[in-house]
Structures are given as structure tokens and as C-alpha cells.
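Next up: some structures, all given as C-alpha cells.
Look for chain A in each of the two complexes below; its partner is chain B in the first and chain C in the second.
What follows is the complex of A and B.
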């Protein structure tokens, strides 16, 4: 059965795409500004058949995958450590609170000086950008484990490892999962935006290159591609989250 | 002190199941307040198979008393014994605890919640199944085996927690205001179920409550605690028959016991308010 919300969402989406299509075809929007969605798809098909496309995609996605893994694993480990050791937490809390006020991308040139002009500075940038969301979410989740559940663990005489595995982690899971979603999104942003600024390859660079050359069809085609990839990935995470929520009877 | 004869066989009532002797609990000074003398010194013997309630004004250390007896907190002075062995900083085997707050695990189904302790203890699957079936049926959760706590009402979740304790077949059940968050009707019905559970398991029960009627209805004996630092002012024997339920409240002598509890507690509650443990 299709819900009311799904119908409204589909209508809005199709309406917007349709309106853009009509506006572009009738000339209300000049092709130097935006091209018609159908033209974007056509250009994307053409771009995907070009030789270098696969290489750029592979480079971007592998950088995202590495940054994402580092941010999630490292962010979880650091978050758990700060939760466990209160004085470390007190020492680092101000940094965490102010962290997202820093314009990370301003440091990109510095990272290039340090790591060279390869994928490394991009991965470092995206990891730095994504990891703190994971740290903060992990800490929030572990902080909010209800005391009564920890008492229950003691009544069942669980060992420390059992308590962590059977009580603390599942109780903290919803918070940790929302941190994970942010880390995924921030890794994409970090890598692609980094490629925009200064890179010799990758999807972000290709978009910037097309833009500099007034190659509108290719630019929009690539933007469409990025949107499709990110949406697909988000849907995967969302489906997984729904399945977890259903296991708790909350969906 | 003993105002009436208990209906339980004399032999069963004399055996000591758990004992607190000269127990005090003092919290060390912290920012904002000095040393807090929360409890005692107090002594009490729990007789095997009895239903003992503890009532007292807010902040008198009722829950601290339970924590100390359960081994969840270490007394500052005095000794705690369960079945002849000292209790210190660890929950002894055979003790089950149910709290006021919802302690069900939201990530587990009712069935898995109830089986939790048995699985951790390495009980074999067949026996786990048998005990879970029994506890789930006993607590009226049969139709909700596969449900998750988020789909249940507060009263049902508390049943899950009681069932989770029940499967471990505790010989001493400690209840820390287990119905405190429930509405009055649910409380009464849960009280009846608690009595049934107590009768059928033969366990010793200690119930912490602030509801005088509830204590009166459920208990063989009621310990009345003073304002902080909590001590026993008296231990009232109700003398109710072992086969009893919430209709006990219709008896003409029921009100007298509640009135007696209140006569102790009125003054203490006023004192507790003066101490600033209750908002004026």
C-alpha cells in the first residue's frame, strides 16, 4: 500500500523535475544557466561511456570509503575512550564543542603540503570532518545508558565485557547509529568538496573542470551522478536503520 | 511490637533468611553538601518466606536499605547476611531485584528479556524454554511474547521485569517501589499478582514503598522508617492470612493498620520536609 506521504513526496518531486524540464525547453531558463533534466540524463549516459569516467568514480568512492571507515571506527573508539576517562573528556570537551565552527576546507592546502597531491590529503580532510560527529554521538549514546540497566547488569552478575556487549552497546545503539549516518554524509561532503578545491582527478574535480570550461551538460550530468550515488547510499543506511528499529518494535 | 499472630506456620517464620545488623550508610562530602548520613544504624531480620514491607518518608534511605541488602551498595558500617553468608559489594545468588524505573531491555523481545538471565547463566535451551514459558504465562504475557517493550504499557513492562527475575527462581525478592510509576488501578491488580507470586514461589519478599495502603495490604510485617538518617521506628505485624488479595481492604480492621502507620509517619514526613528533602 502506498501511503499519503509517499504520494505527496512523489508528486512534489516529479512536479519540480517536470517544471524544470518545461522551463528549460521553452527557453524560460537559458541553457547557459541550467539544462533540462532530460539533457542531464543524456549527458550523463554519454559521460559514463567515456574512458576516464570509471577512474574518477573509483577514485572518489574509494577515498570516501576509506575516510568513512576511519571516521566510524576511530570516532567510536575515541568516543568510548572519552566516555570512560572523565578527565580526558573534561580536557577535550571544549575542542569538540567548537569543532564544527572550524572551516576545515581552509586547511586543505596545508594538508596537501604535508601529504602531497594524492588521495591522502582528501582522505585526511574527510576523516577529520566526519570523525567528530561519530565521537560526539558515541559519547552521547554511552552517557545516556539508563542507570537502572547498569544495576540490572550487576544483578545478573555480568562481567565487564558482557555488560558492555549486552547492555551498554545495545542501549547506546540508536545514538551511535545517528552518528554513523552523519559520518557517512560528512565523508561524501569532505571528499567531493575537497576535490572541487584542489585535485587533479575525482568526480569533484571533474565537476569543477567542466564548470571552468563552460561545459554545462557535463557539469550537470556529474552533479546528477553525485546526487544519485549519495541518495542510494543514504537509502541503504536508512533501510538498515529501519530494520534495526523494527527489531525493537519501533517502526 | 508484635501486635498480632502471623498466619504463617511458626517454624517458617522463625528461620532467619537475611539479616542486617548495625547497618549505616554515609555518603562522603561532595561539592554542594557535606557528609550525608543516609541510613541507620539499623538492624532487622528477614524471616524465611515472609512478606516484609518498608515504608518511610521521602529521602529516608529506603532505597539505600534495599541496595545494601542486595549487595549493590556497601554499608559504611555493620554487616549484611543472606542465608548465613556475608553480602558485600556483590549480588548473591538467589536474590532477585525489581526497580521502580523501567529496566526492560528495549532491544529485546519480551521472551528474550525474560530469558536474559538464564542465557547469561548458561542454562540449557530446554530448561530455559520451560522456565520462560512458565514465567511468561504466570505474568500474563503469553500474547506478548514476541512484542518489544516500546509496544507495551508501563504496567506490562514491569511485568516483563518481574518475569525476568522470576525465571531465576530467587529465594529473596527485593522490590524497590516497583509500582511507583503505575496508576492506582494497575497498582492494585499488580499487588494481587505479587501476592500470588509470593504464595506460589515461597520466596521471601522485601517491598520498598511509599504507599501505606499497599504496604498494609501486601505484608506480613511492615517496617516503619524515620526521617533521615533512616531507622526503624517500629515493625508492625499485620497478621493477615496468607491467602489474601486486594479485597482485604474491605475488612473493618484494615483501616486501623494504615492509621497506625500514618500516626508514625505524619511526624516523620513533616520532619523530612523540614530537612529540605521534599520541596516545601
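What follows is the complex of A and C.
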């Protein structure tokens, strides 16, 4: 079943793309500013056939994948640890609360000085950026496990491992999943923004390079590519989350 | 007295441990990668005193303030419209969430082409970062206003303006303020990102120049300056935020 809102949203988006196409074709918007969407797609196909394209994509995506895994696994472990040791948690709390107020990219130059140019500083930056969302979400999830469930677990004489696996983790899952969603988005943002500012390869760098060379078709093609990949990935996680929620009768 | 000491203790401990961590990093990595805390802070102090530093600070500050004003005013206005009209909100929400989670830096060249190099592009980019959370939070706040309050208002024959002032504003303010706090941080992030790329003035430009010169001391000094500003502002906003939420109606607390 497709809702009314979905239909309107599709029409609005298609209309916006169509309007942009017409405005560009008729010359209302100069090609030095924005090129027509059809031209973007054509340029993207051309860019995908060029030799170096695969290498840049592979580099960016592998950096994102590493950062994402580190952030999710590490964030979950740290979140669980802080949940179980209240003393540590009290110490870290003010730090966690202020964390996303810091513009992390101000520290990116420093990471380059420490780790050198290459994928390492990018991965560190993206991991640091994404991990705290996961930590906070894990703690929030574990905090909100209903007491009734824990009592039930005691009545059934579950062992600690059983209690964690059967009660605590499933009960905390919705919060942990929303942290996971953020961690995915933030890993992409961290890697691509880092590449954009200061790097010698990767998709982010290619976009900045095309901009510097007034190569608008290639620039828009790559922007389109990044947005398409990131949006697809976010949508996948989102759909997965929705399905899990529905199975528990929460959607 | 004891209460204020207790509330100050945690942040002070965190600050001290960060400086210790910094010193340890310096010991491990050496002067060419991380300069020690004391000389860096001395360098920062010296830099802030210099006349040529002030125009950069002012440039960044102005860009940030303009972007912040656009994010707050625009975000609240759009959020109220989207929250007030159910269908419009449902149409727009996934688009906004999608926009929120893409790396907006990829759109920066487009903004540079549209606005040209300089202040307007930075302001637009900062506002682009900050406005979306403000819209989302405002929309949710307006949507979740308890219908009973509105009915009570109607029963007391409040005029639309009175309804807005006595019912809607107090009911939505705590959540909108949370949105504004996140918008504040993201606007700062956006403005800084904008300055790191294709910029001729501002703190971001100083950072990039320092990288080219391999001037670690300046890099760290500016990073510390920006972070300190961000953390202090965030702490102040968070304190107001908590107060507002404590004053909120009990049933908005539950959700």
C-alpha cells in the first residue's frame, strides 16, 4: 500500500528535477552554475567508464567500511562498559554531552600531522565522529530495559549470558539501531568531508579537484554518485530498522 | 555552596584529564606532531592579541552569526508550518531526514557556484547544516502539542494570538530549544567546514595556511580556541535546556 504522502512526495521530487531540467535547458540557469540533471546522468555514465573511477570509489568505500565497523563495534563495547561501571560513566558524561558541539574537522589537520596523508587519518576522523553516537545510543538502550523484564529473567533463573542475550539486548535494540543508523551516516560524512578538504585521492577529493578545474559535468556527476550511494545505504538501514520494529509490533 | 561545587567538579575533572591526555600524546608523538599544552596555549594567547588575527576572527564570527540567525528563524518558521499541517509534514519529513544524513560537504561546490566565493557562501553552508535539525525538532514539538490544551484554550475563548502566546509557545518551547542547541553546534561545524575549503579569510583559512606551513602550534591553538568556544556555549545552552524541560508539563516528559 502506498500512502498519499508518498505519492505527493514523489511528485514533488520529480517536479523539482523536471523544473531544474527545464530551467537549465532554456538557459534560465547558466551552465557555469548548475548543469541539467540529464547532463549530470550522462556525465556520470562517462565518469564511470573512466579508468581511475573504480579506484577512487573503492578507496572511499573501504575507508567508510572500516570506520563504520570500528565505530559500531567499539561504540557498542564502550557504551556497554560505561553502562556497567557507573563511576566511569559519571566521569565521561560531561564529555559525551559536549562531544557533538566540537567541530571535529578543526582537528583533521592535526590527524594528518600525526598519521600522515593517506587513508589512516580519514578513518580515525570518521571513527571518532561516528563512535560517540553509538556509545550514547547503546547506553540509552541499556538504561531503558524495563525492570519487569529483568525480574522475569530472575524468576526464570536465567544465567547472566542468557539474560544479556535474551532480555537486555533485544529490549535495547531499538535505541542501538538508531545509534547504528547515525554511525553509518556519520562514517560517510567523516570520510568524504575529510577527503574533500585535504586528500590526494577518493571521491571527495575528485569532486574538489573537478571544482578547481571548472569541470562542472564531472563534478556534478560525482556529487550525484555520492548522494545516490549514501542515500541508498541510509534507506537500506532505515528499511531494516522498520522491519525489525514492525516484527515487534512497534511500528 | 556545596551544590555548585559538585556541579563544577565533573567538568573540571574532564578538563584536567584532557590536558593530561594532551601532554601524554605530546610525549609519545613528539614536537613535530603534537606540541605541549603550555606553549600552545601561550601561542594562542599571543595570537589573539595580534592585530592581524582579529579580522579573521571577525569574519568567522560574522559568518557564524548570520548563518545561526537564518537557521533559527527559518528553521522555526518552516517547522511550525510543517508541524501545523499534517500532510505537508509527512511529505517533507523523509526528504529532510535524507538531507540530514548526506555528507553536505559534497554540495559545497554547488553553493560556491551559486553564491560565489566569500561570505555569502559560508553563511549559506552554515545555515544548510543548522536549519534541518531545527525544522525537525520544531515540527515534532508542534505536532505533539496536547490537543486537550488547545481545546481548553477554545473553551476559554482565547484569540488566535492568545492561543499562540499562552498555549503553543509554552508547550513547544522546550523541544524547540533542544533543536536550536543542536542547530547551534551544526551551524558552527558547517561554517568551519566552509572556511576550510576555497576561503581567503577566517579561522578555517588560518588553519589551512598553518597546514601548508606545517605549523602544528597554530593548528592546535585554533582547534583549541574553537572547541573551547563550542563546549562553553553548549554547556550554557544545555543548562537552559534542562531548566526548560524541568518546567515542561509532566506528560511531555513521559514521551
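Observations on the structure shown:
Convention: the second predicted complex is superposed on the first by the 249 of 251 C-alpha atoms of A that agree within 3 Å, B and C clash if a C-alpha of one lies under 4 Å from a C-alpha of the other, contacts with A are read in each partner's own complex, and residues count from 1 in each chain.
In this section, a contact is a pair of C-beta atoms (placed from the backbone, for glycine too) under 8 Å apart; a residue touches a chain by one contact, two chains touch by 3 or more.
These numbers come from a predicted model, not from an experiment.
The superposed arrangement places chain B and chain C next to each other on chain A without a clash.
When the two structures are aligned on the shared chain, A:98 is found in touch with chain C, with no touch to chain B. When the shared chain is aligned, chain B comes close enough to touch A:166, but chain C does not. In the superposed pair of complexes, A:73 makes contact with neither chain B nor chain C. The superposition-derived angle at chain A (between chain B and chain C) is 90°, Cα centres, a multiple of 10. In the superposition on chain A, A:149 contacts chain B only, with no contact to chain C. In the superposed pair of complexes, A:88 makes contact with neither chain B nor chain C.
Between chain B and chain C, the partner in contact with more residues of chain A is C.
Applying the stated contact rule after C-alpha superposition, one finds that A:188 touches chain C and leaves chain B untouched.
Judged by the touch definition given at the top, the superposed model places A:198 against chain C, while chain B stays out of reach. Legend: residue contacts after superposition of the two complexes on their common chain; A:117 is shown touching neither chain B nor chain C.
Between chain B and chain C the least C-alpha distance in the superposed model amounts to 13 Å. Residues of chain A that lie in the contact sets of both chain B and chain C are absent, per the superposition on chain A. Interface residues of chain A, counted against chain B in their complex, comprise 146, 148-149, 151-152, 154-158, 162, 166-167, 170-171, 173, 247-250.
Residues 70, 72, 90-91, 95-97, 99, 101-103, 105-107, 109, 116-117, 120, 147-151 of chain B are the ones touching chain A in the complex.
Those residues of chain C whose C-beta lies close enough to touch chain A in the complex are 10-11, 13-14, 17, 29, 32-34, 87, 90-92, 94-95, 98, 100-110, 112-114, 182, 184-185, 188-189, 192-193, 196-198, 207-208, 210-211, 214, 216, 219-220, 222-223, 226-227, 230-231, 233-235, 238. Within the complex, the chain A residues that touch chain C are 3-5, 8-9, 12-13, 32-34, 90-95, 97-98, 100-110, 112-114, 181, 185, 188-189, 192-193, 196-198, 204, 207-208, 210-211, 216, 219-220, 222-223, 226-227, 230-231, 234-235.
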